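Heads up, the next two complexes both have chain A, just with different partners, chain B and then chain C.
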Partner chain A sequence: MNMEQASSKELLAYWQAHLDERARSHKKEGKLVCWSAALAPTEMFIAMDIAMVFPETHSAGIGARKGALDMLEVTNRDGYSIDICSYARVNLGYMRLLKEYARTGEKAEALAKSPAADVPLPDLILTSNNICNTLLKWYENLAVELDIPCITIDAPYIHDMPVPEYSKKYIVKQLDHAIQQLEGITGRPFDYDRFLAAQEQTQRSVKQWQRVASFLNYKPSPINGFDFFNYMALMVIGRGEEFAEIALRKFADELEENAKNGKFAFGDNERSRVVWEGIAVWPHLSHTFKSLKNQGSLMTGSTYPGMWNFEYTPGDLMSMAESYAKIYVNMCLDARAQELTAVAKNGRCDGMLFHMNRSCKIMSLLNLQTAEIVSKTLGIPYATFDGDQTDPNNFSPAQFDTRVQSLSEMIAKK
Partner chain B sequence: MITLGVDIGSASSKAVIMKNGREVIAEAVVQAGTGTSGQKRVFDEIFSLSGFSWGDIDYTVATGYGRFSIKEADREISEITCHGQGIAFLCPSARTVIDIGGQDAKAISLDERGNIVNFFMNDKCAAGTGRFLENMSRVLEMDIEDMERCHFLATEPAPVSSTCAVFSESEIISLLSRGVNRNDIVAGVHQSIATKACALASRAGIVDDIVMCGGVARDRGVVDAITKKLGRKVTVAPHPQVTGALGAALLAHRTIK
Partner chain C sequence: MSRIDDIITQFQTVTANPKAAVEQYKKETGKGAVGILYLYGPEEIVHAAGCLPVGMWGGNKTISDARAHLVPFTCSIMQSVMELECQGTYDILDAVLISVPCDTLKSMSQIWKGKAPPITFVHPQNRNLAAANEFLVEEYGFVKRRLEEILGENIPDEAIERSIDIYNENRKAMREFCEITADYPGIIDPVKRHAVIKARFFMEKSKHTALVKQLIAEIRKQPMTPWNGKKIILTGIMAEPLGLLEIFRNNGFAIVADDLAQESRQFRHDVPAGRTPLHRLARWWQELEGCPLAMDPGKARGQMLIDLASRYEADGVVVCMMKFCDPEEFDYPIYYPQLKKAGIKNTTIEIDLEEKSFEQARTRIQTFAEVIH
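And now, the complex of A and B:
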């Protein structure tokens, strides 16, 4: 593939496939593979040449390719409650099928026909509760089921901003401990030079990610916010490696070019701009996008992709700890409202759509309160809809359409 | 100027013909909703009642779950906006609307001009909706009128879950087999619906006057349960089942005015 000439979309697809291939090669060569939470500090693992796989992204991919139901059936059979996060259930189902395959050499039909990206079983686990506490038990279960080590970074909930010093110190201690754990697992001394390089690379990737986000401010907008969701995969899987920076720079360049040439996401049909708060409904991504498009409503704001804005000083663990703690869903109501207000302002949004996500209690819990605050601050209406990030059973397209149309009508009345 | 508003819901089809956005010429309700013969029948009935035909209609607005299936409609508008407008026309002092239809329960907050300030709807679940009431009436072998009568004879409403329509059905069967008084079970069913509706209303923000509409508002037992739960006066809109269609006819008039 000619990287220079490839479009950002091609680069995105290439790198996603390449990373899965790298994980499979690592496994074959006896090198380590780690399954990691999406917002855990992966820089340390890159430093130790460990191939990373991200279960949340993997589950989202299965959901988007309409393969979630088979995996959900497996976890349902295993006794996991349907009230548990569907990312967790899809991933635990996938792990169960992979484990059975590794044990028996026979691939279950659900795995053979699954549209899931082919990734290997892990040798170790990395998790952090800076997103939610389900991640602790989910990843702990993975480690117990597979009898492998689990490295955990406990990021205390931020009740008041700024992040308290004791919280940062507590996280730094855990980062130090994780380094020792990694030395024990790999049997090699920790590579501090590569660790610093991965931190520096993360900062360069974040800069390009922020550059992409800056186009949400253009009116009309050259970027459709749903693309923002898709490209977010690069920040999850590769922020500490150069390819994320390259692909995101390409994407930002394309957007710059489009803006210059008057090529906008909705052409001349951008009638309103909305915040989408929460995770995408991956199994119904196309329906949700089209429903908004039918109303001329372009999504130009969401706090979700912004969670990967890991800005910190390379080499300074206190700064890195603060960045990994300061995640939208790990912060108090005031901080959330401030951030969402900034996102809605940057996207020049006329309304807000809140995903009351049956899977993600932590993201949905403060939605109504946040909505009230931001709605009053900016004088824009909002609507909520019920859905789920990966369980297609928990979403009703007709109900979604009614809410989206009603919101558009409220915006039009303003 | 003659306008037609049509509301094709999940359980029934409703239509209203208006003159000059002020006078209701005719209204029709057919107890069959989207995807059934209800759509054709409601047009037959409204034209028969009014003496009009399609050629007399200047503009048609469709609303409800079946709004996109009406080929004759000039425009589709959401039921939230239509109910808001319909209620504002009928009860100008209304600020909170509780609308319970076949598969939807909604709470709408209105401003003084009938514009939507806020709204909340039920989840993907039939508990607390008209379908729930219908199922319960089937299990209890009563029609809705009987349920209304029984409600006011109850002494101690039986606890009926508001979490799931299917589980509620089995709860009622269990209450019946335990010999619990039917009046108390009916009142429990109404309380269960009220619990769901009041939770939605609380989210939207409860401001007087509170007006109920939708097919379920015809059951005074439900209205009584909601009134008691809110501890505030709740008025039922005149012709509560057609407020959405009425709003659609009004919005049709405003569109072409």
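And now, the complex of A and C:
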């Protein structure tokens, strides 16, 4: 592919596929593969040339390609309650099938026909609870099922702002410990130069990511917020490597060009702008998009992609620790409401839509309280809908449509 | 009434009306009471301030007001706690400590509805590291300072050391009590056993210990008789409402050991020695094993259950699965095949604190009784 001429969309698809391919070839060559939580600090792993796979992104992909039910059935059989996060269930189902395949040499039908991206089993795993403690439980199970080392970065819940120094120190000591673990696992001395380079690269990627987000402020908007969700994958899988920066710059350039030429996401039909709070409903992404579009409602704000705004000073582990801890759902209600207010303001939103996600307690339990605060602060209405990011059964298109419609009516009345 | 019954009645009076127990404590001592929401808190610090640490484990209440604040898939106990918060049940407390080892508790800590000031703190999860100990010492320091402000009391280290001794003494007595229950299932049935254990959450610990010791002494005077019923082990967050335990009792089950957060997980190990009292309390959390709220990539729980079953010659394990508790639900697919492989029969009952009729649980327990015979 000609990288210079490729569109950002092509680059996005290329790099997603390429990284899976890299993981597979790592596996073949006997090099290490690590499964990692989406918001865990990967800079250390890049430094040690470990191929990373991100189960949350992987599960989202399976969900979007309508392959979740097969995996969920496997975890059902294994005794996982349907109340558990569906990212975890899809991934643990996929893991089970890969494990069986590795043991017997035979691919189960569910695996053979799965639209899942083909990724190898890990040699080690990395988790962090900077977004949820569910990721601790999920990775415990992976560690014991696969009998592999688990590297954990515990980011204590920030119950009182600001983040206390002792909390940052605790995280820094864990980073040090992780480095030791990595030296032990790889049998090589840690590469501090590459570690620093990955930190510097992360900052450059974050800059481009913020540039992308800045277009949500344009009215009318050249960017459709759902693309914000799609391109987020680059921040998950590649923020410490150059390709993410390049692809995101391309995307931002395209948006700039579109804005200049009056090419807007909804053309002349942008009637209102809404916040989408929570994860996308991957199996029903196009339904949710179209339903909003029918109302002329463009999504121009979401806190979820903003979580990957890891701003810190390269070389300063205390600032890196703080940045990884300050994920907005890892903070007290006030801080959380402030973050959402800023997002709604940046997107010049007229209303808010809250995903009451059956899979995700950390992003559902405080929705009503956050909604009330932000709605009062900004004087904009909100609506909620029931859904699930990957279990297609927990979403009702009809309910979604009704809620979107009533939100539009509330917005119109104002 | 026999002396044993008399002592048991004292425990049951406390658990049947915790509010009265708290009020009485306040009246007798002139000191306050501090709630612990809900699993593990540094109760010793509260005790050292002369206050009564009060366990907050919800109640057998219909959920109504709580619905306005929580999504329907919130775990049963937190729905119940929220209901009690809304109804003012906890307003008798002077402060509430909230630890946040799961996503639900993180959220609960932010929407506290009671009048008492909440103090939120974190139990670290990278538990093997010395850094986790240092972190938790700081968090406990924060808790202590906030308590001192709220209560207007200074809490000296020596007082905390003394309280740790009192607590360790209680833990030891509780372990002994659980042992003796296994030996005398005919005397201490599941309902009585639970009352003795639960009363810990509403009684000053040295008083509780003294009464438990009297009880143990009285039981020992009795002849040991062979038990013809079934012996089981409970695992989970808790085994309530009381109606559930009555079903066990009425179907001839003895609880010979438990792995419940509300029961043995509280006292199966002591606060160890250490540099300062806060370091010691922090170590207790680091040494806690087999609880899904304390991260453990080695997943020791299954083996622990197998060991318990063999040590107490149990006929089976009953999983008390708290409704919508994902930490507990994550453990199950790991320990279930382990139990199966070890040939340990088991069944699962759902814990719903709102429940009044227990039809499903009754059927399950009765079926299980047939399976294990």
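A few notes on this one:
Methods note: the second predicted complex is superposed on the first by the 414 of 414 C-alpha atoms of A that agree within 3 Å, B and C clash if a C-alpha of one lies under 4 Å from a C-alpha of the other, contacts with A are read in each partner's own complex, and residues count from 1 in each chain.
One rule holds in what follows: contacts are C-beta pairs under 8 Å (C-beta built on N, C-alpha and C of every residue); 3 or more make two chains touch, one makes a residue touch a chain.
Because the structure is a prediction, the values reported are computed rather than measured.
In the overlay built on the shared chain, the residue A:Arg188 is in contact with neither chain B nor chain C.
When both complexes are overlaid on chain A, the residue A:Leu368 reaches chain B and chain C alike. Between chain B and chain C, C contacts the larger number of chain A residues. Touch criterion met: A:Gln399 reaches chain B, while chain C stays clear of it.
In the superposition on chain A, A:Lys376 makes contact with neither chain B nor chain C. In the superposed model, A:Lys66 lies in contact with neither chain B nor chain C. When the two complexes are overlaid on their common chain A, residue A:Glu409 makes contact with chain B while staying clear of chain C.
Contact with chain C, but none with chain B, is seen for A:Ser167 once the two complexes are overlaid on the shared chain. By the touch criterion stated above, A:Cys332 is placed in contact with chain C alone, chain B being left untouched. Note: residues 356, 368 of chain A belong to the chain B contact set and to the chain C contact set alike, using the contact criterion stated above.
Looking at the complex, you find that chain A touches chain B at residues 356, 368, 381-384, 386, 394-396, 398-399, 402-403, 405-406, 409-410, 413.
Touching chain A in their complex are the following residues of chain B: 65, 76-81, 104, 115-121, 123-124, 203. Looking at the complex, you find that chain A touches chain C at residues 75, 78-81, 83-85, 88, 92, 129, 132-134, 136-141, 143-145, 150, 152-154, 156-157, 159-160, 164, 166-167, 169-170, 173-174, 177, 332-333, 356, 358, 361-362, 364-369.
Of all residues in chain C, only 69-71, 73-74, 100-104, 106-111, 120-122, 124-126, 129-132, 134-135, 138-139, 142, 292, 295-299, 324, 326-327, 329-334, 336 touch chain A in the complex they form.
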